[in-house]
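Let me begin by presenting the structure, written as structure tokens, before commenting on it.
So that you can tell them apart, the chains are marked A, B and C in the order they are listed, and the count of residues begins at 1 in each.
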Amino acid sequence: NDKGLSARSPDSQYDIKLRGTAQADARFFLDDDAAPQNDTFLWRRIRPSLEGSLGPLVAFRLTPEFAGDGTTIVDAYVDVKFDPAATLRVGKVKGPIGLERLQSASGIAFVERGFPTELAPNRDIGAQLQGDLAKASVNYTVGVYNGAPDGRDSSTTNPDDDFELAARVFFEPFKNAANAWSGLGFGMAASSGDKRGSGNNVLPRYRTPGQLQFFNYRGAVLADGKHTRWSPQAYYYRNAFGLLAEYIESEQELLLPGDGDGGGTRAELANSAWQLAGSWVLTGEDASFRGVVKPDNPFGFGDGGWGAFEVAARYGELDIDTAAFPVFADPATAAARAASWGLGLNWYPSSNLKLVLNHTRTRFDGGAADGADRDDEKTVFTRVQVAF
Amino acid sequence: NDKGLSARSPDSQYDIKLRGTAQADARFFLDDDAAPQNDTFLWRRIRPSLEGSLGPLVAFRLTPEFAGDGTTIVDAYVDVKFDPAATLRVGKVKGPIGLERLQSASGIAFVERGFPTELAPNRDIGAQLQGDLAKASVNYTVGVYNGAPDGRDSSTTNPDDDFELAARVFFEPFKNAANAWSGLGFGMAASSGDKRGSGNNVLPRYRTPGQLQFFNYRGAVLADGKHTRWSPQAYYYRNAFGLLAEYIESEQELLLPGDGDGGGTRAELANSAWQLAGSWVLTGEDASFRGVVKPDNPFGFGDGGWGAFEVAARYGELDIDTAAFPVFADPATAAARAASWGLGLNWYPSSNLKLVLNHTRTRFDGGAADGADRDDEKTVFTRVQVAF
Amino acid sequence: NDKGLSARSPDSQYDIKLRGTAQADARFFLDDDAAPQNDTFLWRRIRPSLEGSLGPLVAFRLTPEFAGDGTTIVDAYVDVKFDPAATLRVGKVKGPIGLERLQSASGIAFVERGFPTELAPNRDIGAQLQGDLAKASVNYTVGVYNGAPDGRDSSTTNPDDDFELAARVFFEPFKNAANAWSGLGFGMAASSGDKRGSGNNVLPRYRTPGQLQFFNYRGAVLADGKHTRWSPQAYYYRNAFGLLAEYIESEQELLLPGDGDGGGTRAELANSAWQLAGSWVLTGEDASFRGVVKPDNPFGFGDGGWGAFEVAARYGELDIDTAAFPVFADPATAAARAASWGLGLNWYPSSNLKLVLNHTRTRFDGGAADGADRDDEKTVFTRVQVAF
């Protein structure tokens, strides 16, 4: 069928599937004559996925990423299903912090996720207990991980000797009711752990919706102590309409070492981001956290179907702690604030094909020489996505 | 069956297959005492492939390469099949320039492709429209790509801000006739686009049939302007006999920057290559552009079959623009011309197994110190190939 | 079923399977305050595997490794099955030297293999003839390879111009008898070949059971001549009990070049390692070289099964040639001897899931500044393994 190559034992207890998501993008930067960005075609994601159930106790998922210069693992985890309310998941997983982060890459409304995802761990390696309670109206995750920098993956082994704890609880109180609020979900996530060291495996580099870095710390800065994040988050889906809102704050103890063996400068800096994103399926299919799953009238040549169309809009901001400048970050290259809005049009000719057209504009405070603001970023991103 | 692991929906509209090609080679260099090359076993290609159709509109192919130091993507594309005469293909694809380049790696007559392929893009990332016209007697491709250097892949994103256009038209006028010319095909391909920058992602390095580099530009040389290629090409297959001929010329504007901010030296250099390759299936099976597909009498222990045998021979040359020396290339390390002939014997014990034995000899003009010629290259390459 | 996604032709001659082994580990180092090691979660192995038979003549196996920073090939070989007593295997294979090395990674009794495996080639690239003789009571392998350094893979091409020969013969004289000795096997393996050059592709670096390097040669040391290994080896399995013993000696001609063009210092150094490892399946299932294959009473929630439990213990040593110090190795960083014991508990809740808890302690002679001994290594390693 449309969902991959699979084999299932007669009693359905053994079930192994080969699936995939691939996203071919074209990126264009407008009005970038002053500081040209390379317009490009690229494979954004090429993710075949091997997943399955091995008896009632064990399930697994393995998703490599073939886009980019080398091949890496995106998701690789094993589930030990002691109980519907308590599954132990070990391996490389999405950290539980960000709401849009937890959306499937094939289901997000825009070509690239918004600012809050830049402050959430991308994937982390560890062990978590998760499950549904109260007839699935409450979902929880609590885990211990190596610890990932904001917006990126953890490295393959723990870069320091410290672990990170993270947890999330999410409520869908009317999930099982057939009323106007059945598509409402809200929750809170948080992480806490010590991080030590410097470099890209520990400290964050924040990117624009155009995927260009606009903030990083000075090279000599060290993470040296507690790193905490917290994130209130909510979504609401009703018929063809969807709304997603989230806020993430990430606070880290930093040290800029002194010249001798003296103390250097310490600070505890809190960066934050939020976004509000809405979408509307013009052709009337249901919106959901999983994206538009199936068009009612798939595109065809004789029978006149045109698939499903969806429009989307969002606004978001990312704010750097003002105490970061100028000691921990260079105001001439690192912006203190970015604010971005975006518009999108999604066409779903069939349940396997999605075509995306996005326009974003992002403004900055600082980030250029002599106290000037970094030039606005204007992008047109397109995507051809195949998922099965 | 012999063509991989597959699943097909009852109506045949969904069809997903897992296939593969693997080539284990042994390479020996003869008479190389003066400048020894390492004789070696190596995996030349390890390419499992996931491909399929997802309904009448969408098809895809994903082929990673596991041979070599890391894993990369060879082919990764999505087809949107608007019409038999017009398929939109996006992703990482074979550029349309070289004829032997377009042959499958499992179907080429020799262990390594000939000189013209060194001047064609290997794989490029972009979008192309392709299709068959006039009862498949005309095949066309026209596309826009990031732009790849001669003989190599494009990098994962565009290394400059310029795209490349390429097109190919190929005629098989008697394809549907049952006469002596039904196996004749000929055509023309060309590309044009600006390339800027230096290094291996932009400028070519040409290799011998033994896969050793014999030409590159000086390190300071920049691509700085128009890059055009054109290639007349033809093949002819009749019964057990096959013949393939192609010529490629690649012309690039180059700049060797001056010391100060002065102009430096500019040139527009045209390198070219051609080859003529013939093959003959001794056991009488049909030759084709796809290689010998299936032996009539597969190898077996009791029933006396021996599979199919094929002999092949070729001659080719690669000529560097004489204006390249000595400003843009160092005559002591870069040869001005290479000429090579090769002989091959292919044994197909079954439709999945192919054993290859090749001998090549290559002579050079220049490429050694004091105006001398680089030593002749004499190789014996063998291959064990499994494809399914 | 529980053994992967597969497709088989009606006559069983074509059979392609997708299988996998994944191991998620957690590593803790105890009492390491003086020289802290990073405790970490990590994916130790992520190995999907594509294997199959293509008619009576050809079989293949392709196993990539997705754990770690990049993706590499673990096993990739083609079998040409001329006869049960003579299969030609070409590609990247386990070298024939080490006994525990030849155990499947999913079947080893401990989280990490013992010291002898540090002296055996890991995987090598080449061609070998192998088969069973005398009703499978004798198994032999003889091959030619690029040559791999002790304990590691060979690089993708031969790093020098020399090949390595290796062979192994293994006897199970009572294999087909139903007596107390039917599970006895013993044999001898050896390799010989010239190795030349320096660096990690040629010279060994030995690791502890905690996977930390405790020995390497000085950076200027070259392999410069003959490298030989030999290894007597045996196992004995009877009902729930298993015992494995092996010894490996690895001897290499080394050169420390002199300052001028003078001779430098030469030596022929022999390092050796041995181990004795025993295991006992508490729940009574049969032990075997392939591990505990299937618990009699899989873990379940209502029916009270608890799976299989196994305990294991081992002792091993690795001895560096005393003539290595101080000329070829630095006694302040390279230990002259390591001795380690380990205890393990394995739980097999189902045929696909294995949970491992190991404790090891390792003591060193030398390897610290001022002639002191490197600190003892104490580890607790755990593993969640899924295999299908």
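In the analysis below, contacts are C-beta pairs under 8 Å (C-beta built on N, C-alpha and C of every residue); 3 or more make two chains touch, one makes a residue touch a chain.
Nothing here was measured: the structure is a model prediction, and the numbers come from that model.
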Numbering shared by both copies at the subunit B-subunit A contact, with half separating same from different: different
Rotation in the CA alignment of subunit A with subunit C, degrees, nearest 5: 120
Length of the line joining the C-alpha centres of subunit A and subunit B, rounded to whole Å: 39
Residues within subunit C bordering two or more other chains: 5-6, 18, 70-71
Contacting residues of subunit A [partner subunit B, same complex]: 1-2, 4-6, 18, 20, 22, 24, 26, 36-43, 46, 48, 66-71, 298-300, 349-350, 352-353, 384, 386, 388
Residues of subunit B touching subunit A in the complex: 5-7, 9, 14, 16-18, 50, 52, 54-58, 60, 62, 64, 70-73, 76-78, 80, 90-92, 125-127, 145-146, 155-161, 163
